[in-house]
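Below are two complexes that have subunit A in common, paired first with subunit B and then with subunit C.
Let's turn to the complex of A and B:
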């Protein structure tokens, strides 16, 4: 097989496994909801359960039909983005979720970008002087950043910059029409979310760069008198970034997960705060839709990352990576 | 005993290990010694609410005038207890499932791996959210549900080890000699899986501590009147305009606990399993 065929086969295999995983996750979610003890309509509706709403839920979700039919109904509707109508606001659940998703995506991607922009240089600086006091200091800083829970970082940032110094806004996502205002509202949450990943990425870059710098082809370059800065900047760093790319998928999933905490602390609308509020109101259809979205996003992000990696490093597609 | 001493020596041979051990001991002493130096964490004294740190209350008081040193200490104790329980239960269950899958192979293995993959398709916090929302709160339920989230990691690790062991000649020999499979598992698989599982468990301890705190902060974990670090941060955060001190105190304890446990876990990995030690 040629290289491009191998890459294509790899991508096809990954696609198939993605479809299976999403199907499996949907099944698990379905079972989780259906296996809750007690009358299902009461569980779904909580204190809102009136006879009319019970009838609506029973009809909407096909509760009067067999389990298999229900599963099919749920899956086929979820696949087309039809999650039914919210019993609280009487809006389509899809619209409710789509309203808040851009906020969460802006938060997650800006945090990831911030983590890369700050984390990569720290890793490079540490790798250039291994064992120096600077390297040791950066190592301790990175580990502290990694281990400090997002919860702690958010609360401390909130205290210092929003309450203490009044530099940045306390709550919300900002005025929808005002880009500057939105950016100002984004700063604290995205820094809070990014700091842990700054530490993680810098450690990863440092280790990968040290590995690369120890390789034979780098030694050859040195023997030819190529300057160290050229070696790092032009050759080594590119290779050292492969492991960074491969954790970005997990990173995005983790960021979306942690965004719940950040969105609650900074009172920011988003999918995390939507889940939180829906759970508080026992509004499970909305929770279910949010979880489907997050899982699909998580899986697809990992798929995209795998593909980028397969293109960057043909060994991965060949199964030797 | 000599093994324990050797492990401790190995941990202390590097600065990170010493630091981790020191932080961890600090947190343990803080958690255990609270009742000795401070009054009952649940005594309400409304007149003394939001008191600043002073002689009567070393860490001040909260919105109901409860002593914060006592509360933070009790909260740390409870948070650590829960985290250790979650890590122990999920590592034991995960190891057993993983070993069975690794030995059995075939469709059992494929089914187990598929379930692990599916569970891993959920971001951990979101899965815990959904489970707790559906199946209710309360400490025992909480421990069990969070355990579900962490089982796959241990399962994968144990499965991989079991697969390599299965084909080794000494295990094949015992199979030929018709030694009972359970005996083989107890005698050979468990001791061989234990090392990496202990390392993974210690690496996961700080993750679980932070996880518990986040869930409790959001109101999905520990329920009043019990308190953990997460609920303390939440209580402090609600009245943050009156007094920032409670929030900072409990947040700092949480940060030191996770940092100490992480450094200690790294050091333990270096000692027990030097091959995989490296960047986190």
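Let's turn to the complex of A and C:
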């Protein structure tokens, strides 16, 4: 097989596993939600609801059917993108989720981009002179950033830049039609979400770079007079990014998890705050739809991660990595 | 003399103390010639190579040493003294071709990187053409396709050819080959040595071949230097040293070689390996007298007390050995 054929086969294999994983995760999720004790209708409607209204809601949510029937309805509908209608707002659940998803994606990706843009150079600088005061200083900074919870960082940023200095807006996602306003609303939440990752990525890059710089091919480049900047910033960095990218794929789940906190503090509409509010209301169909989307996002993100790694390291596509 | 190295001493700082890896080693290599530097593991032969290149490990320190390369002198005690020569005046071929190329860049990219330095100002197209030409010169099949391949798609011998092509592109005055065939199949050894000889003849550079194989030295080298525990015990032309080894250690090394043809070598008919009894002395504390005294089979009382000098052997200029028995009263 040629190299491009091998790469195509690799990607096709990964795509097939994505479909299976989403199906498996959906099934697990469905069963877990059904395992939660308590009556959805009594939580949502309160103790004073009439039996007729309860029966109506139970029927609307399909809760009067058998488990297997419910599972079949949920999966067959979910497969076509139909998650049913929300009993509270009477809007299709899909629309509710799709409304907030762009906000969360913007937050997650801007935070990730920020973390990479700041974290990688810090890691490279630290690896250039291991053991120097600069390296030690950056290590202290990175570890401080990693160990400070997102919750604390969010509140501090919020108090300083939004409440104290009035530089940036306090809450919300901004006027939907105004891009500048939306970006201004994005700054604080994405910085809050990114800071821990800056520390994490810089430590990862530093460690991976130092490992790579000890390899013999680096000596070859040095023997042929290639400048240290090109060796570290190009030849070693490309190789060092492979493990970093792999860990990023796993860490994206954490990023979505932390976005729940950030979205609540900054009162930002998003999938995190939607899940939070829906759980508070015991509106499980919405929670279920949200989590399906998060699982799908996580899996697709990891697929992208694998593809990026196959591009970075040809041995992975060749099945030897 | 194209290349001369004078009085090279290197220390390694180890948790157990300071190890003196090299003590006052001097070498001379003529232009267009190949010098074989032989010695057992731990004798310091690779340290000579890396001290010349300025690529010693961080815990190593050059305490003395001067290199003269094409008329320019370099004080090796200064870190990066020869940095300017890397990839232009000096090139190196390494022991493990499986590990000496970057796995995530194509052969072409890595060869062109060498040319960024050797041929500054050249455009990409010229560099690609030059790199491809170099691959053809080291007899790598299908050079155009190899340019876009990654190291893992090539065998060890092919990868070593790529490194030789790198050396060829950098047109050095001194080529250092550090055990270039040790990690390869014996069948590939002769091919790789032929390419190194071809490179030398094409460029007219001096070659320092570092090896533990006397067979390789007697077959391909013009001159030989024998290193033992960080000291040079003998040097001369391969012909002279082979005919009349001046140092007991050199003689014992030749005895250790396993002759292929049993009829010509009566001793080998018993199919026994000859070994040199004993071990290398502690590199942290040099014993007084001759460094080889502990393992020598012809030593006498003075050997444990008097430091031997380099005494000439016969009338042949350049053949000398560090053994008191050669001292003429």
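For the reader, a short list of remarks on this structure follows.
The rule is short, and it goes like this: the second predicted complex is superposed on the first by the 265 of 321 C-alpha atoms of A that agree within 3 Å, B and C clash if a C-alpha of one lies under 4 Å from a C-alpha of the other, contacts with A are read in each partner's own complex, and residues count from 1 in each chain.
One rule holds in what follows: a contact is a pair of C-beta atoms (placed from the backbone, for glycine too) under 8 Å apart; a residue touches a chain by one contact, two chains touch by 3 or more.
Bear in mind that the values here come from a model prediction, so they are computed numbers and not experimental data.
Steric overlap between subunit B and subunit C is absent once the structures are superposed on subunit A; the two fit side by side.
Residue contacts after overlaying the shared chain place A:239 against subunit C, while subunit B stays out of touching range.
In the superposition on chain A, A:161 contacts neither subunit B nor subunit C.
Using the contact criterion defined above for the overlaid structures, shared-chain residue A:258 touches subunit B, although it does not reach subunit C.
Of the two partner chains placed by superposition, only subunit C is touched by A:222; subunit B is not. Figure note: vertex subunit A, arms to subunit B and subunit C, all at CA centres after fitting on chain A; angle 90 degrees, rounded to a multiple of 10.
Of the two partners subunit B and subunit C, it is B that touches the larger number of subunit A residues.
Nearest C-alpha atoms belonging to subunit B and subunit C sit 17 Å apart in the superposition, given in whole angstrom.
Every residue of subunit B that touches subunit A in the complex is listed here, in rising order: 16, 114-115, 117-119, 121-126, 129-131, 133-135, 206, 210, 213-214, 217-220, 230, 233, 237, 240-241, 244, 247-248, 251-252, 254-255, 258-259, 261-263, 278-280. Partner subunit A is touched in their complex by these residues of subunit C: 53, 55, 83, 85-88, 90-92, 94, 96, 99-105, 113-114, 116-117, 150, 152-153, 163, 166, 170. Taken together, the subunit A residues at the contact with subunit B in this complex read 20-22, 24-25, 27-29, 32-33, 36, 43, 143-144, 146-152, 155-156, 158-159, 163-164, 200, 203-204, 206-207, 253-254, 256-258, 260-261, 264-265, 275-276, 279-280, 284, 287, 291, 294-295, 298-299.
Against subunit C, the residues of subunit A that register as touching in their complex are 215-226, 230, 235, 238-239, 242, 312-315, 318, 320.
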